[in-house]
Amino acid sequence: MEIGIYGLGRMGANMVRRLLRSGEHRVVAGNRSPGPVDEAVGEGAEGAYSMQEMIEKLEPPRVVWSMVPAGDPTEKTLMGFAELAQEGDILIDGGNSYFRDSVRRAAALRERGLRFLDAGTSGGIWGLEVGYCLMVGGDRSAFEHVEPALRTLAPPDGYAYLGEAGAGHFAKMVHNGVEYAMLQAYAEGFEILKKSPYGYDLRALSSLWNHGSVVRSWLLELAERAFEKDADLESIRGYVEDSGEGRWTVLEAIEEDVPANAIAGALFARFASRQEDSFAMKVIAALRREFGGHAVKEAGPGGGG
Amino acid sequence: MEIGIYGLGRMGANMVRRLLRSGEHRVVAGNRSPGPVDEAVGEGAEGAYSMQEMIEKLEPPRVVWSMVPAGDPTEKTLMGFAELAQEGDILIDGGNSYFRDSVRRAAALRERGLRFLDAGTSGGIWGLEVGYCLMVGGDRSAFEHVEPALRTLAPPDGYAYLGEAGAGHFAKMVHNGVEYAMLQAYAEGFEILKKSPYGYDLRALSSLWNHGSVVRSWLLELAERAFEKDADLESIRGYVEDSGEGRWTVLEAIEEDVPANAIAGALFARFASRQEDSFAMKVIAALRREFGGHAVKEAGPGGGG
Amino acid sequence: MEIGIYGLGRMGANMVRRLLRSGEHRVVAGNRSPGPVDEAVGEGAEGAYSMQEMIEKLEPPRVVWSMVPAGDPTEKTLMGFAELAQEGDILIDGGNSYFRDSVRRAAALRERGLRFLDAGTSGGIWGLEVGYCLMVGGDRSAFEHVEPALRTLAPPDGYAYLGEAGAGHFAKMVHNGVEYAMLQAYAEGFEILKKSPYGYDLRALSSLWNHGSVVRSWLLELAERAFEKDADLESIRGYVEDSGEGRWTVLEAIEEDVPANAIAGALFARFASRQEDSFAMKVIAALRREFGGHAVKEAGPGGGG
Amino acid sequence: MEIGIYGLGRMGANMVRRLLRSGEHRVVAGNRSPGPVDEAVGEGAEGAYSMQEMIEKLEPPRVVWSMVPAGDPTEKTLMGFAELAQEGDILIDGGNSYFRDSVRRAAALRERGLRFLDAGTSGGIWGLEVGYCLMVGGDRSAFEHVEPALRTLAPPDGYAYLGEAGAGHFAKMVHNGVEYAMLQAYAEGFEILKKSPYGYDLRALSSLWNHGSVVRSWLLELAERAFEKDADLESIRGYVEDSGEGRWTVLEAIEEDVPANAIAGALFARFASRQEDSFAMKVIAALRREFGGHAVKEAGPGGGG
């Protein structure tokens, strides 16, 4: 089929490649800056150096897949295409958008006669090779129209229609919340192993657990790779970003009255990992000095604070 | 090789079967009560209706693998065999023993000239078919001696020698701690999905996530099976036992000064799942009535209290 | 001074009383339904059976203090008075409003030439006797104008101007978040004491701790009272509501990247206290059956599920 | 009455002072090193430069109160006095001993005909002035014998007999667990306030909350003092020790199947406060790089790790 991919960052560029490699699709690759477009053209895509050009190079009903960052960039991209598109065209948001934004955008686009899909996309840098897990919500007829592309992008059985607008990004949001907590689970386990007196080889142990144990998983296979590169992770600082979905999952848990200690705790552990010093713990140190005369550590360049 | 398996519960009986099916081993199957021994004999094992008989039916250096429950039964079994065994014999504890007990037992057996292995065993009811993940600590020469049996019991690459006595059970303990937290991660995610307005088919979503997503795992494959049997888990109560390893993992985290919020939280969630009513929450309800005049729910047969 | 109190629920009615008892103020008491107005009139207030009547009975610059529930009722009350008020009048929101609403309302009222104060109010049913702790944000000149009433409503040193609009309700929000976590702290402690083999008299122990120990507090004094009424809290179910501020505190912690495990955990414990059964724990029970063959409890009328 | 205090650290020395100031007691003050004994003698105590001397200077039935650190020092002190004491003498452990040790010691001392009390002692450096909250377990007749001293040491209503041996230290243990979680509650709240856009004066806000609010407490009064000394706690590092009771409280919660998220979380926050870098968070950073290509921060002198 024919599809436009707009936003040629790491994810978008790889999706263009995967579509092209299948030999089954005509791909128009667009981006705000020209460099990535040139590159995609070099790999067999048709290039679009503007939204306008992408619209012109696609036949109605057009399919435009946005792979720009969530928030403002996605808002501008979708609303920009909405201005240029015509009735029946299909806009897909493959980014990590907040599902409430997707619900709102679907309604706004529907008023213009456009069809919208929110396609939660998992797979990271492995997607090019393995395929992307695609969780799709929105207009059912649009989903059916773009299935040939979904089939190429995903591994076998790796895409599905999950329901009305927002269902895709909601599922992706929870997926990432679960991912946060799974990472935390392994991470705590490895720290306990690391500090034990047994001197474990964590790469070997990860590998062992991946053969027949209850905790085997793809993430644990990646742990093998990580420990192979750096057995004690000495080169890496324990500093972890978060990108929105974990926070939204906790907000949603609160909205739904779901006790989500594991997911919230995993999010808070990331916050703590990025603090040079903790004001909360300063308060406790100060109070312990007040009631018990306990010594405090002085803040300073060597004190992390 | 020749091996005695003592303790023919679900795990032990399946291990006897897996060893027999390979056609490579002579297996003496023993148990305190005769029924399971008869059954094993019917499947090709030699039967031992007492510890004494098992010792008599094995050639020195004997290999006796205990698969009885942790705690008193394991203590009695190992110490019972220690009385009967002779220098150079090998005793293996494949149960979920506390690693500190294994350290102690290894020392006690070493004084008698016996060799001990602590073999943390994961795989559950799937081990018969898939093989058991075996995390082994203890006497290195004993490990080498029993490798032919380990190779049969485990899937390829599914067993390893991890270090001195206790290293096997310590690794299994942490494995289970990680398992608790992973289960909690998925569980919270599924509850958030379940209470969303999207009416997700959780079996289909589990299946989707297992094809290309970051959170794919064996446990998630089992989730597909569970939701296939009972889409809303209506037949199951949210009541979860725990069996020691999770508690020990938290104790060990405290011993090592490791912040283990995810694992401890998963353990506490199990405790809470088994409470008919929570005294802590009664206290809060009572205090809110005191300071704010907030209504309380009366305890009673219908009140869960 | 002269002040109108609109909303004569438990809190509002007591505030009218406290103002009247001082003998220093002329109080116009208003409410949507007439009963509470009649009652306040019986105690010395002037009655206002409508917003219009309240406006008519006050001299400009009028001071109207809203004590209706947060959310829609507060929105309607404040916007209703805004329609009737004239430039320079002062509207005060003493309810538990979300601070973001107060910021928005302050701006909307400012455009109409009205002055707004958000007055976080703590003290519960004890406020009548002890005084209310008043955390006030908003228009500084308005604060100064209403200080005579604040001085009467609060205990000595029990009111303060905290900053621009929202500062009062933000401080009250965090106050309640801290309150959730403090209650959880005591509650867990009492449950551990209760389940110990020592058979503690929790009323006596609360009283003891209130005399010289580090954890003495007003809440602990209330615990004495609660345990005096019902030593084992047998008549109370462990079911705890929450009313918004705890949730907002967690949202704000997430907004600010603050690890807030204690406050979030206290909120989640309330969610769990209200669940008849936990879907998350059903998932774990189901998965444990799948991998380990562990028995599950069947849901049913007696099973809480 | 007549009493020996052995162990003249900050707590012990202050207890000697408080007893002396009452003018009601003859106090023998002992310590392993002579300096603190000289000081106590200068304030009116009789000095004991050895256990032997303390025993000699007291009339049977002797009362010896040990105020040395928990663990080995307490073991040596109590067992040392046990060698020297005679039937009917009373040994009191006022330190922060593990209640299981107190149970064991009570039994050992009982066999020698000695009476034992475990006296959990709260109050910190304020005890000298305010009095110590004394939670006492053990031999009832011994408790009655030493009541005159308890009455002097405690504030009014600030001591009580709580039950058999261990009941005092168990109550003190839980007291400290509650203290950990209360401190965490305030600490999180102050961090959220601190990072808000309102620029709160935390001393003023602590003071405000102490006048009529639900969260008023002695710890919050100490917060006023701490913020008065250093408004932003800039001179203090967020590094917090823990001294045993918090850990034991969590162990006991696990022993009793009590979900203790708040207390355990407060303990874990202290662990995290003392880590220069977190291995767990390194694992997560490494895994995120593996699956998503996310950048990691390099460890290094400036990187905290």
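Per-chain numbering from 1; labels A, B, C and D assigned in written order.
What we mean here is this: a contact is a pair of C-beta atoms (placed from the backbone, for glycine too) under 8 Å apart; a residue touches a chain by one contact, two chains touch by 3 or more.
Chain by chain, the UniProt names read as follows: A, B, C, D = 6-phosphogluconate dehydrogenase.
Fair warning: this is a prediction, and the values are worked out from it, not measured in the lab.
Give me the chains shared as neighbours by chain A and chain B.
Touching chain A as well as chain B, we find C, D.
Between A-C and B-C, name the chain pair that shares the greater number of C-beta pairs in contact.
So, comparing the two chain pairs, more contacts are at B-C.
Which chain's C-alpha centroid is most distant from that of chain A?
D
Between chain B and chain C, what is the separation of their C-alpha centroids in Å?
So the centroids are 47 Å from each other.
Centre to centre, by mean C-alpha position, how many angstrom separate chain A and chain C?
Here the centre of chain C sits 38 Å away from the centre of chain A.
Please output the residue numbers of chain A that touch at least 2 other chains, ranges allowed.
Residues 124, 184, 186, 188, 191, 195, 214, 219, 257-261, 265, 268-269, 272, 278, 280, 291-292 of chain A touch two or more partner chains.
Which bits of chain B are touching chain A when the two form their complex?
Touching chain A from chain B are residues 122-124, 127, 130-133, 135, 137, 154-160, 162-164, 166-167, 170-171, 174-175, 177-182, 184-186, 188-189, 191-193, 195-196, 198-200, 204-205, 207-209, 211-220, 249, 252-253, 256-263, 265-266, 268-269.
In the complex of these two chains, what residues of chain B are touching chain D?
214, 247, 250-251, 254, 257-261, 264-265, 267-269, 271-272, 274-275, 278, 280, 291-292
Give the list of chain B residues in touch with chain C in this complex.
So the residues of chain B touching chain C come out as 10, 124-126, 183-184, 186-188, 190-191, 194-195, 219, 222-223, 225-227, 230, 233-241, 261, 269-270, 272-273, 276-294, 296-300, 303-305.
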